[in-house]
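The data blocks that follow each hold one structure.
Both complexes below contain subunit A, partnered by subunit B and then by subunit C.
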Partner chain A sequence: MRRAGLRGEISRASEVRVIAILQAIFSGLALGSIYALVALGFNITYNTTKTFNFGQGEFLVAGAFVAVSGLLLFSGKGLTGNLSPEDVTISRYLLAMVLTIVVVGLLGVVLYYAAVRPFVGATSLSWVLSTIGFGIIIQNSALTIWGPSAMVMPSPLGREVIRVGGAGFLPQEVLVLVISILIILCLDWVMRRTKIGKALRAVAQSKNAAVLMGINVSAVIVLAFVVSSSLAGLAGLLIAPITTASVFMGLSLALKAFAAAIVGGLDNPRGCILGGFLLGLLEALIGLWHAELREISVFLMIIIVLVVRPQGLLGQRIVEKV
Partner chain B sequence: MKTYPKTHFLGLLAVATIIGVGPIIFDNDFYLHVAFLVGVNYIAAAGLNVLVGHAGQKSLGHAGLFAVGAYTVALLTTRWGWGPWPAFVASGVVAAIFGVVIALPALRVKGPALAMVTIGFGVVVEKVVSEWQDVFQGQQGIYGVLPLTLGDSSFSTREWVWFAGAVGLVLHLMLRALLRGRFGRAFMAVNTAELAAESVGVSVYKFKVLAFVISAVTCGLAGAITAQQNQYISSDFITFNLSIFYLVIVLFGGKSIYGPLLGAIVLTILDATLARWPDAQHFTYGVLLLFSLYAMKDGLAGAIRSAAQFLFPSLREMPTLPKPSERWKLAREEAIKEDQPMLQARGLYKAYGGVVPTNNVDIDLRAGHIHSLIGPNGAGKTTLLNILSGIIPPDKGSIVFNGTDIGALPPNAVCRLGLGRTFQNLKLFNDMSVLDNVKVGLHSRLPGGFGTCLFGLPSAQKSERAATKEALSILTLLGFREMAYQRAGSLPYGLQRRLELARALATHPKLLLLDEPAAGLNPQETHELTDVIKTIKSLGITVLLIEHHMDLVMKISDHVIVLDHGEKIAEGVPAEIQNNPAVIAAYLGVEDDDEEQELDVGEPSDRSIDFSSLSLPGEKYA
Partner chain C sequence: MFKKSMLARIVAVAAFATLSIGAAQAQDIKIGYNADQSASGVAELGISGRWAFEAAIEDINKKGGILGRKVVGVVRDDLGAPPKSIQNMTELIDSEKVSAVIGPANSGNALAWLHIPQNKKIPVIVPIATGSDITLRYAKEPQNYIFRVSMVDREQVALLVAYAVKASKSQKIAIIGDSTGYGQGGIKDTTEILKLHGVTPVAVEKFGSKDTDMTSQLNKIRDAGADTVIIYGIADGTAQVLRSMEKINYTPVTLGTWGSLSSLFPRMTGTKLSEQLILAASTTEDSNPQAKMLADRVRTHFPTLTTFPCAAQSYDSVMLLAAAMELAGTTDGPKVAEALEKVSGVQGIIKTYDKPFSKTNHEGLSVSDFYLAKWKDGKTVVRYEDEFTRSITAADLKR
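And then the complex of A and B:
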């Protein structure tokens, strides 16, 4: 009898472990999809202009707070204040999503004209500084408007944990995953199948040839920045109900999204998506084992991947013509 | 370009006076602290400038190296009972070791991926010091770090300012001496064109590691000074923002040896001043950063330079050229006997998937001859040249050059053995002067090790003067000496081609590989090139030439090798080649071709190619 009891305990313990792993995989995928969205944003501007927004994290912050204010506005509470769970309905959340995409997209236009366009093509790294500067301005504007304390943003689906077998999932994680995957599929389709996507890809290959084929290259580049910024804003709106919205949440998320883009292959959108999900999964699984080693192991692994494959997992190797 | 030793000396004296007297006059803790911070930030940025500004490697992880220095001092003095001074020195050494650690993975990657590797390093260090509580005490920090001492008493705030200032001054002098000589040129060469740097004997590997180590040492020392002055260090010091801040100082300061100083002064003071209005601090900082970039595209140093040139037009004048010296002669250690085998390649083979650009090619080059390598487009000529010069390792086969097997050597080693080359697609160091381009060529022929150059010893200065003299005499030989101080990128195309030649000659080659030296040249320039190549031969240099201008090839070659589809189809003296049926077939197609009628090649019975009619000026990539 003792034997059977022991066996039962072991199997229960391993069951708990399996459930924990399942949960980690799911949260990892949800977090990874956030990285993938932001990484795609890096990819799209890198391909078209060889630059990207070093202040992308601040755009993510802007997205989260614009969404908070939007939700407050739609529930008739003004621009700042506290959100209660009943304020956040699905329809208001979707409206807030549209608002975020539009506002942060416009911010992307401003970013492009103020901080990128004057410096594109120059051999200097001015665009690095200027996008950092722009990000600082956004962050501090957010600080002035919304203050330094984190704001709770309830999920439109509530906090009731969904149980599947023994594993529990946050409804917002499901929402994040579903929306991100929809957006990613949609973007992938646009890039491959539509005229505008082909224009984007043509500009990425060669601006001169694209101009000669009658493509409005400057419009395409502005569009790239709009899409890139909107994606960051969207990521902010999606993650805020999980982490709360904070002015300081941008940096580490953007840093990991950048890592995802580089590891997957900055020049390949599908690589960026792969990198995002991989990074999210790794982080969640290592966190299960040793939470404090999460970032150390993730970044060490990134360095190793890059040493083996400098162009990233799905990136294209650029060979200099001699 | 023009150097002002006097101005520099006066400036140095002024700065030294400010550092010396300033702290006595403004005896106010706040001012002293800001001055100290300026010093520390300058120390960190001065080395980072070598890495970012000169070697062109972007790093976003130098907070990690700051941490290495700071924690080395902290642990050595608190745990192992080291004295403050030995610990200070050790922090530089340990940081240097970590510089190598970060350089090795960083060497494999470029651009954004390099940024990622350095970010990764910074994050890993940051997390190690914050999470590994047993050793690094995390956020709580390590107290009781021993401060530097003078006699028996530890430094006062004023003495800290003096110390940081003195370290900064010494660092400035050393880096200035280093960067003005062969090391500075090598860094710039690695920055602008890695392959070209390799092909003139500069090891890209070595110089990237060196740049990382220099930046690591200065950032480590900055960390050590910070920890020792505060007598405390915690993981809160080590943030990604610190890495960004150092990079911003360097980029904002601009591409100049004075850039980091200007950047450190302005940004530190700005930061300290704005700290009085915490609400506006970062906002203003961001706005200033953004708008200063519109006004000063080349950073603060660039803006000051243009302003000075505007106010004092005499600053724009080029330095005067010294009188023409005697004709350039190659200094050879050992004489090379005419007709001796110079290079023997056997069974060279290279495949890219199914494409075989080099298929079992044997090559024999003899000393003192001009060899030509011809063949239709896509025959594999350039690939063969790349294999011979070490840029592409062959899959199979051996290359013996002057008795040394060079098949597995990197290009810089091949070059040092005496095999120079030029590139079909120009690879000049565009932002450097014509003279400096040639001096980079002389790099491996110049004496003067790292220490000699770092301390600006007389021997380094002497070798620098000799280098200028020799470079000028090479330019004289090729007839464009008066262009010496022009920017290489601003030369007309024909002269850029000639500069490639001059740079390759400066490497003191025994064998020179020329990849389409006449591509894009007009008939007059092509004609001049013929003479230039003859001159090169008269210097005792063996030549292997790829060329499409057949009149040129047939006029000057002693021996012609013909490639087609990666295989050697013929070789011999020009007259034989002109009548070789295989060569004619490769160039014009075989006889029963339908197109034969359209190609006006004369009587089918005695087909021979009038190659001169085939050469088109500006052919291929021109």
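And then the complex of A and C:
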């Protein structure tokens, strides 16, 4: 009798554990998909120009705020009011998504011509500083327009918790995961199966050969920056209902995404995605054990990966021929 | 004859008027305001305080100024950065020649420049920063120039713990705080005060201030059997903790600090969830008509006014300073600081200050001025009362 009670207690405790792990896995996947989106952005421009946007976090911020303002505009509230849950319908959210992709994509064009193109090919690392600088300009412009306060963006799917076997998820977390995976699959398909994708990969392999094959290389490069920036903007729009839109939200997210890209292999899009999900899961599962060890474990993992596989998990090993 | 004397009189009056205008300008009393108004998350508090600071000066000037002299506010933004805050302080005191300073918002910035006003003998009233050490650093000097009208961390905790100990049926109380200096200081204060009540927390958990999912920490707290949880974080962190509680269907008695007075909190949690949190407050917009009026005035400049207590505390700081200058009959720093320790019967927004400061106590507000509050309809914060709040006596407020 007593034993049964004890066993019941143990099975109850292990059930609680399972639910906690389930919960952590899910929130890890949701956050990981955001890292994956931004990491993919790093990969696309790296492959085509061997540069990437160090201000990617600020593009994410821009995406979140453009989306909030778009939603405010669509609900007739001016540019800087407060959104209430009924203002954010699914159709408005989708419209805001289009707006974000267009606006942040255009910012990507400006970034390329102002901060990357002048330095491409030069042996210097000037583009590192110029992209960081461009990011700071965006961040401070956002600060001027929207101010320091965080803005709340309600989720288009409401905030009623979805319960699955004792664990609870926010509808927005499900949305983030679903949209990210769709976009990732879509991009993967474009890269492997379409002419544009082939052009992108050709430029990545050899610019000169691509030119000889009649590919408009500069157009492909601009496209790469547009896609990369839009991905960051999209990540901002997706994460904002979970975190709130804040001028200061970009840096830590972009840093983790960059880490994800390095872990997975900066030159391999699938590697970047893997890195993103891996990082998200690792963070969440370590959090179950000791919350304050999360950041330490993430960056420890990067160091270990870099020592064991310097090119990243799925990266291509560069063999120097003598 | 008549004409001539009339003319002479007019000339004399005109001359006197010009002279007195000139003299008044030269003798304007300058008061500085130094707080973050643009950079960090604390900026909202700094902006609320700034407009209330200006409103107080406007009110004082309407009543004829201080000592018959006009008061001028000199506002500086410290960008939340200690070096800039130090630079502002030096500039306000040395170049602008202010007679006193109101500020800052960040405790770290205060601790970075406290020595400047202390050495230059310029009284400072801190209207926002809550770090317990701020008024204590120079407490042993012959004259401490640092005063405060804000919610001191430890005093808030005293009230929260007094309630927690009464409300918890099992006496199993847990603490969860963010990993910043603010949260960690809070965890330390809370643990110590719980100890005074003979209670050891059953779980102490941390979260990153930007984390969005605290379910793992909360699962541990629930496994430990806690029926009461004290959250130490600012508005967004606290909101995320409540959201995570909802995810795992865990509804203990939940207590939090004044940070959650920010309207960000109910907007993030939604109306229903926001009403689960019991928080400590010094004042709310609905506490009296003057408070409502001040809130409306601040809103004309800062429509998204979030933390009203910062505005009220900043307003009251200026009023106390004005009263001290009147009492001292001068703006001379040492005399004003001495007078601040004597002022009484000063009408403020939060209360009437009867001898708020003394030689040994430089805190204008204490736990007896605080009360528990709750969000209502996601729009206003109202006083919260139940059988436990009513049974809290002065002896319960251990600190």
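Criterion: the second predicted complex is superposed on the first by the 322 of 322 C-alpha atoms of A that agree within 3 Å, B and C clash if a C-alpha of one lies under 4 Å from a C-alpha of the other, contacts with A are read in each partner's own complex, and residues count from 1 in each chain.
One rule holds in what follows: a residue touches a chain if its C-beta (ideal position, glycine included) is under 8 Å from a C-beta of that chain, and two chains touch if they have at least 3 such contacts.
Keep in mind it's a predicted model, so treat the numbers as computed, not measured.
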Worksheet item: Which holds for A:Ile303: it touches subunit B only (first), subunit C only (second), both, or neither?
Response: first
Worksheet item: With the two structures laid over each other on chain A, which partner does A:Gly135 touch: subunit B (first), subunit C (second), both, or neither?
Response: first
Discussion item. Touch test for A:Ser149: subunit B only (first), subunit C only (second), both, or neither?
Written reply: second
Worksheet item: When the two structures are overlaid on chain A, which partner does A:Pro118 contact: first (subunit B), second (subunit C), both, or neither?
Response: first
Discussion item. Looking at A:Val178, would you say it contacts subunit B, subunit C, both, or neither? Reply first, second, both or neither.
Written reply: neither
Discussion item. Let me test your reading of the model: by the given contact rule, A:Cys186 touches which partner, first (subunit B), second (subunit C), both or neither?
Written reply: neither
Worksheet item: After lining up the shared chain so the two structures overlap, which partner does A:Ala259 touch, if you call subunit B first and subunit C second: first, second, both or neither?
Response: first
Worksheet item: Is the number of subunit A residues in contact higher for subunit B or for subunit C?
Response: B
Worksheet item: Does subunit B (first) or subunit C (second) touch A:Glu292, or do both, or does neither?
Response: both
Worksheet item: In the superposed view, which residues of subunit A touch subunit B and also subunit C?
Response: 143, 292, 295
Discussion item. Help me check something: in the complex, which residues belonging to subunit B touch subunit A?
Written reply: 58, 105, 108-110, 112-113, 116-117, 119-121, 123-124, 127-128, 131, 195, 240, 244, 247-248, 251-252, 255, 279, 282-283, 285-290, 293-294, 297-299, 382, 386, 391, 423-425
Response to the item:
Given the complex, residues on subunit A that touch subunit C span 13, 16, 19-20, 23-24, 27, 31, 82, 85, 143, 147-150, 152, 159, 161, 163, 166-170, 242-244, 246, 248-249, 252, 284, 287-288, 291-292, 294-295
Discussion item. Could you list, by residue number, the parts of subunit C that touch subunit A in their complex?
Written reply: 38-41, 43-44, 179, 205-208, 210-217, 219, 223, 236, 243, 246-249, 264, 267-268, 270, 304, 306
Practice prompt. Could you pull out which subunit A residues touch subunit B in their complex?
Written response: 46, 52, 114-115, 118-119, 122, 124-126, 128-130, 132-137, 139-141, 143-144, 251, 255, 258-259, 262-263, 266, 292-293, 295-296, 299-300, 302-304, 306-307, 310-312, 320-322
